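Common to both upcoming complexes is chain A, partnered first by chain B, then by chain C.
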Partner chain A sequence: MSGDGTTAKVYALHAAVIALLVALNFILPEYHHGVLARVLVLAVFAMGYNLLFGYVGLLSLGHAMFFAAGLYGAGLPLYHLGWGVPAAFAGGLGAGFVVALVIGLLALRTSGVAFMIVTMMFAQVFYLTTLYFGEWTRGDEGLVLQQQTRQVALGSGTLDLTNPATRYLLAVALFAAALFATLAIVRSRHGRVLVAIRENEERTKMLGYDTFANKLAAVVTSGVICAAAGAAYALLFGYVGSTFASVQYSILPLLWVLLGGAATTLGPLLGTLFMYYVIDITSGYTSAYMLVVGLVLILLVLYFRKGVLGTMRERWVRWLP
Partner chain B sequence: MTKRFFDIGKTGLSRRTALKGIAAGAGLMAAPGFVRYSQAQSSAPIKIGFQAHRTGIGAAYGRWYEKTTNAAVKLINDAGGINGRPVEIIVEDDGTDPKRGAEVVAKFASQHKTDIVFGTLFSHVVVGSAPTAGELKIPYYVVSEGYHVASGKLNRWVFQPGITDVRSQVTSVAPWVAANLGKKVTMIYPDYAFGYDHRDYFAPAIKAQGGEVVAQIPIPPTESSFTKYLPQIPADTEVLYHVMVGPGVLTFVKELGEFYGSNKPQLFGFIDSLEAVDINSPGLEFLDGSHFWEGSPRYAQANDSEAQKAYRAAVGIDDNGASTTDAKDVSTAAHMFGCWETLYVIKKAMEDSGYKGPEDRAKLVEATEALTKFKEGPEHPQGDKKFNGKLHQVFGHQNISKVEGGKLNVVHRTSIEDGLYEPEADYTTQPL
Partner chain C sequence: MTALLTTKGLSRHFGGLRAVDDVDFSLETGEIRAVIGPNGAGKTTFVSLVCGRYAPSSGRITFDGEDITDMPAHLRVRRGIAYTFQITSVFANLSAYDNVALPVQRTLTDGRSRGAVRQGAMQALERVGLAGRAHEPAGALAYGHQRLLEVAMGLALKPRLLILDEPTQGLSDGEIENFIALVREIASDATVLLIEHNMQVVMELARRITVFNAGKILAEGSPAEIRANTAVQEAYLGTAQEAGT
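Up next, the complex of A and B:
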């Protein structure tokens, strides 16, 4: 898959994407600047999903719980215990880690359709839990993280997460970290084993690999990346609510990844961005905008079975990771 | 392949047609995505961003909120607009989703460049959108009835000046319930935030009237059948207080009927779950003789004021509270008046502050906070109101209606004082 030339090309492409995103901070009009900050955070969610779905071939319908674990793991301590932003973000990652580890240990006893159903049921339990503890979460209505609590003291100054430029650049930083982490994972030995599991788990086992341990590591990594997105969403945009734990937010990352291209590192960003603007633009014309989304998905299945970047890789740019 | 589609010479297109096409294309490009608006001129319209629930669970409400808003804006414009400028409503669908709600507020502020944002109903969308409104410093006038603005948990840019909040509603009906229906109350409510407002504020209110809540039965939002909860209702219950927001209400009423037969306690409910639903729908017979809270009455009443009659005619609802063009299209009358009244509050605050454009948004906030009361009349057809500028919340009269003869007849109207409570917040201390 990779000669030295390809490796250089791959890293150059990813560095160029990050450079472009940083440059856009100075170019984009106000609205699209804000949109891209949101999209980048959600793209991280999609990247976490992609790691499991695209590379390991495990189709989860419960990833909203990992996103929401990060959202609540960061939001609740900040709201109720007065934690600072860095501690709250770490809390979100920790919550994502624990939830993903427990769910992984239980759900990985199944595979295929059963894995989909089990993850969906666990996510539903998580969603209902956020409603059940309404005293603390305010359930569906949710909580506002006030502006003054979303600031970080940095030396003599403060880093204000509600400042549009700061927010955007932090979103880019998170996206870059998740992108290079994903890239490093999929190019590592562990990543190759994951792909081998996707292609033929029995054969991988026969070759002596511990497929359960590898899959569990992938679930945990995927969960933590999704939780990072959830924690960042809470801290950057100031809202924590149980809608984000609902089944809709388990299906969205699947659609984003399918659109952009499963098992491509940049596909999740492309899919999330594309879907955002399809809804944003078409909802201005018709309340039946989900029909347009449906049509797009049908066209995708017909002409781009592997998503936009997946198809590009298959037909033209074979070195695309 | 590309050539075949785009070779003008071969298609026989004239240059004029091609230019028209390009112009149309440019127009399309400019439409929603990449528009740059010029500075508002003195005669340019005042733009109000209407965050509408066109899709999602709030769609029935959203449709009527939109009708009411359009009717009010037409009247305002016919009468000369606001500060001599016409009002333009720009609608964006939030899908009744808090994430999309926040995105829509950002779109209004930074792309449509609206002067304010208005019209949200569902509490989770209000709470999800409020941080964005605060950060972008755009006044955000909601018509939600949730106890979120008055709780002090939002920010200085969010107002609810057109509809009373749920804490005030439940507090104000308690004296009448205790005096007329009974003192031992069992509450059935949805097990989420909206239900908790009822749970937390009705119980102390009925206690203050010498009554008591003998049982509280929360129903999880995923329930589609309620039979297993009904035996939890204590036998000595005199009043069953029910709030069942969501599509489960028809099943709930049917199963309640089967559970009790003809020997039932008094029923007191909130109309919220039956908004846009015909009270004479099959299965709702059990509600005959029961009582409901209504913000504004659905059915025309004998003593309706001229302002109320004019309002109903302008919005286009008949004496049964259904659309004048389709008798099956039942309105959300108990809540939608809030859009009408909120728009007139915005008009008043803009006039008081001499509002010219987005640079005056802070002045608009202060002018809204300075308002104290609204007189009953064409601008406030539901009734007179008191506004608490520190809480950003309005307080008005509530109606208690009885289901009789297939209609809802108002049997009691609370006073504004019935619904007042000790304020817990003061937004005016926050910087603008």
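Up next, the complex of A and C:
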């Protein structure tokens, strides 16, 4: 989509971001180190959301179900069936794939507001299902995955996912994988078709593209990325609970993406990081921290309508992907 | 000459309105056919049925010997039917290059050849004279250029049948002259079906003219025959003069 000069610049920028994140592992104080690991996993969730919302223009209000599919897909077999960490992670991805495929086939029959409502309803069904099977999921209370189950035998040693540095670096690795996957997708021919669907679906169809198949592929990719975040969350932080399937976790990725910049590759990280710290800091002073969040959103709509990075791209750095 | 496109008893009703009513139509390979008729005569609905934007209420459509009546639009495009929109419908936020790259990459089957997309897209832009504006956002182009871009997108599909829906609407006289030359060039390797209000364009380009009125074919023939046809004069040219166009 762009000349060769910018391609090098784009990859250099993304590599620099990853390098910075790795370097922070050795610098950050303990508390912020833990926060950033969590933010990185949630940013992967936001990136999955952004792929569908930012690039294809499909506004889903049910992405908590994909995150939770990964969370439970990994957490339940590990807790109840004694699966190892790699198998549990694969289980999370598989669960996300199946859920996204089925939901995609059904929900993509609608568009616009109907799509929002349908995805939200399915997510509610998913949430209530996690409560209904409380015997296995322990509902809101959730499951705590014990330390000894969250270890991977690696050659002669073991990889302990409860160790902060290991946890942080695995979060960076997952983030990097999701970031470069997103970058590759949006710069591919498939990505060009996705943007075309966002801009004008009817026209795209009349250029010979099966828009339904392209949208379904995007829903599944988005769902699997979100499920990867959910599975990683379960395995790295050891907690699996219904809260993550609730409507709040369908709205949050939308806010993170809007804040950072929809249809930008790095926007989801920026938005997640910013929002996390706004809530973290303000909740230290007042219980009405949602008021501050609301204020931030109003300022965003007034001055950065396309999110922080979206606005920067529009005004200053045109080559930003 | 064999028929590239035929329709038999093709109809489309919107509620009680018979927008297209029992139309038998045939188009030969290699011709430039103009479709004319007063506003609301069913011209756009008719070509929309052909390219698959609407499903017909009844009747059959055959393209190159194959029944395509129940085929979804995107598969018809892959068979070689390209449609350019009456209301300019380029991707305004994408560059002119990306607008044309989309149909080009569709026609490539080998998958991985980045160079081929660039080459094909630039060729299509050159054919309509927009190569110098490849990296401008399509929405920022002048209206006449957007119409040309629309045609370039159709051309980039390498169509066997190119349907142009009022392509000269809103173009200046100079632009129309260039456009006529362009359509002649396109017709050297594709069949062209042209909906057009500008009679100068129709008379210069079309070998045969089909006149629609109230969803039916009122008359069909050479430009000279159509000009001499009294029914056409009453139904079409009469109302056209009243409307002042």
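What we mean here is this: the second predicted complex is superposed on the first by the 320 of 321 C-alpha atoms of A that agree within 3 Å, B and C clash if a C-alpha of one lies under 4 Å from a C-alpha of the other, contacts with A are read in each partner's own complex, and residues count from 1 in each chain.
In this text, a residue touches a chain if its C-beta (ideal position, glycine included) is under 8 Å from a C-beta of that chain, and two chains touch if they have at least 3 such contacts.
Worth saying up front: this structure is predicted, and the values here are computed from it rather than measured.
A.B. asks: After superposing on the shared chain, does chain C or chain B touch more chain A residues?
C.D. replies: Touching more of chain A: B.
A.B. asks: So, does A:F244 touch the first partner chain B, the second partner chain C, both, or neither?
C.D. replies: In the superposition, A:F244 contacts chain B only.
A.B. asks: Considering only the touch criterion stated at the top, classify A:V152 as touching first (chain B), second (chain C), both, or neither.
C.D. replies: A:V152 sits against neither chain B nor chain C.
A.B. asks: Between chain B (first) and chain C (second), which does A:L24 come into contact with in this model arrangement: first, second, both, or neither?
C.D. replies: After superposition on chain A, A:L24 lies in contact with neither partner.
A.B. asks: Thinking of the overlay built on chain A, is A:K205 touched by chain B (first), by chain C (second), by both, or by neither?
C.D. replies: Touch status of A:K205: second partner only.
A.B. asks: Looking at the overlay, does A:G142 come into contact with chain B only (first), chain C only (second), both, or neither?
C.D. replies: First partner only.
A.B. asks: Taking the superposition on A as described, I'd like to know which of chain B and chain C A:A90 touches: first, second, both or neither.
C.D. replies: Once the two structures are laid over each other on A, A:A90 reaches no partner at all.
A.B. asks: Can you list the chain A residues touching chain C in their complex?
C.D. replies: Against chain C, the touching part of chain A is residues 1, 189, 192-193, 195-196, 199-200, 202-211.
A.B. asks: If we count contacts the way the header does, which residues on chain C are in touch with chain A in the complex?
C.D. replies: 51, 53, 72-75, 77-78, 82-83, 85, 89-94, 98, 101-103, 105-107, 117, 153, 157
A.B. asks: Which part of chain A faces chain B closely enough to touch in the complex?
C.D. replies: Of all residues in chain A, those touching chain B are 29-31, 34-35, 38, 128, 131-132, 134, 138-147, 162, 237-239, 241, 243-244, 277, 279-281, 283-285, 287, 289-290.
A.B. asks: Of all residues in chain B, which touch chain A in the complex?
C.D. replies: Within the complex, chain B touches chain A at residues 31-34, 36, 54-55, 59, 92-93, 95, 97-100, 102-103, 106-107, 110-111, 123-124, 127-128, 130-132, 134-135, 146, 148, 153-155, 191-194, 196, 220-222.
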